[in-house]
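So, here come the structures, one by one.
The following pair of complexes shares a single chain, chain A, combined with chain B in the former and chain C in the latter.
Let's look at the complex of A and B:
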């Protein structure tokens, strides 16, 4: 066991954890937005749009995430012109009065795209399940009130669908956090990557991977707690009748 | 006190006698007319089986043959591997080990080493013309293999470099080809072997410098000073008359299958 990690290596792990959180947050936001769009596309009246959406789900849900990440990082990169790759790989900063926004490394971009494409299928299917969980009577009632299709969706179906889909969505968000560890294969310095790096430099294997495990569990637990709080609040709102 | 002194004298005498009894391996070799050498049989281009005639050939074999020729005896090759080469030498089954044998302090406790005849170290592959001096690394994205000493050396010596570590060297090379990194690092001979199989190898080059150095020497049984001296003198002689350079060029020269710049000559001062 021979003691705890030196501050330098704790710093590496902290940096990796920060990257895991940042990547997960970015993917959760983009996958949620695209997931709603995907669910709508799958329920669209236009047969062509539905088929394209179904094909997207087929492709991205039925292949391993690791292969997809390698495709985006190594494969897709060869298709881009050389000058684009040079631009993507050189640091760019955008200065906004007080803080600067740094262009992320290409590993981050590829990881973000890869995880988003993959997670969108699962998030989209959860939304679709939520929408199907809303009873037909609600559509008819909305129509009877004179709401147009968009109004029906926005004010009647979506609020109920979100409530039905939230618990499984939280599960998908947990998966996103855990799946982000696969980006270590494309060289993104997130938590799994830095814990491996600390292990090879210090030979303190237990401490390095133990710390990473604890941080992942803490992140997942935080999502769990968020879900419980949300459930409690919405239950109160439901009882007050102003959901 | 007296007993202890007497004990020390006896010990000293025994040591002197035992080393005198063993330190004539050189005479044994000359008497037998055969120099028994352990080399690798599956580590090209240091020592490997030539598929054409089933003989073990390679850079190490050529150096061993030069030593045998100098002694005027026949060369007998014993295939070995990294795990048993020290055992071969210590048990007396071979006289010398020419097996890409890196000189380390740990191994010096078990065997003696000749002056180094080959050096390898952490080097880089980059697109032609990109990487000329080590200082340029500070502004580059460098691909490495996870968990290698190469990765750690670059991080320690070039704090400005951005290191991206991959699962193995082919992945790192794929990242170099797509432009995700501008250079990749590994041991020179491994980079050479990698580059040899690349279809567009003309676009890439191996850095004309190393950032660390491992030295390979001939393994000689402990205490065989006369044999060690003959090996050292032979190696220096090979450098002086140009044979050493010719042997190197046959396996690593510009027209070989795996060209690697010759950065170390026999007798050069050793860098850490």
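Let's look at the complex of A and C:
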């Protein structure tokens, strides 16, 4: 139980942490974009669209993320045509002028899709709550100024909804970071996976899980600090009157 | 695969090897959910009351502990309890107990924040009124604040319980034979029906969560309706007693 981990294992953990951060960042971006779309769909005038969106939220919120990930990893693989799967499983590189972008392994893609589908429902509901928090007078005022529905949404409602929704959104982003640990079940070598691996190799259980736990807490704390900084900045902006 | 072969598989998924072996499958998921739900409610109530009754250093320590449990992934806590508890306590803890323990701790940490918020929401005037009636701080909490706070925080309890049901699937990682574990086992043996199996599993969880949500919300709605006409229940009960006497 004594002694710190050897550099090799620290390297493993660092690599896992990198993977966790990368996956979380990808999911946060895609879930935010799709979340806005979902919130718009749930507020749509078309009853059919609204109902489909509500059904999507019901299904993806009320089944475990782990089952969804297993479904995407095992199930989607059989649904896709054979040639697609071969293409997904072979490494590809996308060469841009300065750096090359390697196509991620299938575990990463499945994890990304699974986490995005799951997180979109939560992010979307936060956006919807934010839109509902915008006062009705704002819609009327925008209409009175002659803005079209899309213009109203883009220039009047969305900026205010984002401001209302930011604190709960930060909480959802924290959840995304924490939920990314579940992708170890489909074999993605992120932080939990590597800490488990280091544990089985070295039997230094305390150090392996301790390091991973500290890294998770640090990530969550970083998001929290970001939120506090944002709050302070927007409070200043309010005071200056140019918010 | 013929239709007859599906029945034992379905039975295995829902009950595990039950009559001949330990309980497993969806039934074990249900048991785990109920136990961890009750434990998390107890921890949450105790934690929330402690958070709102303490001041100074003790409050800071409590906040840090709750913050710790809220900041780490459930999976990480399961690792901690599963691999470290046997090492520290020098006893063989069954995997099932460690997972229930981890789920109860995480759920309790989230709920203690809701309980604290619920108490804070009814606090100001109600506590002063209770104290001026001569109740002690604990009596005020027990008879005045908590009954009102519980009503406010029921939605967050239901939310937390739904996510607890979903999180029981994480026991799969440490090999507890619950629903997801068995589904994965069956999937690995059959190899050809992953889509059907995982859709079915998702559907069962969806059903479990929806049933919980439905009944909890109905119960909550009922409680609110009963409490709406303020002093009426007492009067009706009183008249009922009178009529029974005469």
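In the analysis below, the second predicted complex is superposed on the first by the 243 of 243 C-alpha atoms of A that agree within 3 Å, B and C clash if a C-alpha of one lies under 4 Å from a C-alpha of the other, contacts with A are read in each partner's own complex, and residues count from 1 in each chain.
The criterion applied here is as follows: contacts are C-beta pairs under 8 Å (C-beta built on N, C-alpha and C of every residue); 3 or more make two chains touch, one makes a residue touch a chain.
Only a predicted model underlies this, so the values are computations on that prediction, with no experimental measurement involved.
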{"item": "Partner chain(s) touched by A:74 [first = chain B, second = chain C, both, neither]", "value": "both"}
{"item": "Chain A residues touched - chain C or chain B, whichever exceeds", "value": "C"}
{"item": "Which superposed partner A:107 touches (first chain B, second chain C, both, neither)", "value": "first"}
{"item": "Partner chain in contact with A:173 - chain B first, chain C second, else both or neither", "value": "neither"}
{"item": "Contacts of A:220 with chain B and chain C, given as first, second, both or neither", "value": "second"}
{"item": "Which superposed partner A:12 touches (first chain B, second chain C, both, neither)", "value": "neither"}
{"item": "Partner chain in contact with A:185 - chain B first, chain C second, else both or neither", "value": "both"}
{"item": "Touching partner for A:196 - first (chain B), second (chain C), both, neither", "value": "both"}
{"item": "Partner chain in contact with A:56 - chain B first, chain C second, else both or neither", "value": "neither"}
{"item": "Which superposed partner A:127 touches (first chain B, second chain C, both, neither)", "value": "neither"}
{"item": "Common interface residues of chain A - those touching chain B in one complex and chain C in the other", "value": "74, 77-78, 185, 196"}
{"item": "Residues of chain C touching chain A in the complex", "value": "68, 71-76, 79-80, 83-84, 87, 162, 165-170, 172-173, 180, 183-184, 187, 192, 194-195, 198-199, 201-203, 205-206, 209-210, 213"}
{"item": "Chain A contact footprint on chain B (complex, rising order)", "value": "141, 143, 146-147, 151-152, 162, 164-167, 171, 174-175, 177-181"}
{"item": "Residues of chain A defined as touching chain C within the complex", "value": "1, 58-59, 62-68, 70-71, 74-75, 77-79, 174, 178-179, 181-182, 184-185, 192, 195-196, 199, 205-206, 209, 212-213, 216-217, 220-221"}
{"item": "Complex contact set, residues of chain A against chain B", "value": "73-74, 77-78, 82, 85-86, 89, 105-107, 185-187, 193, 196-197, 200-201"}
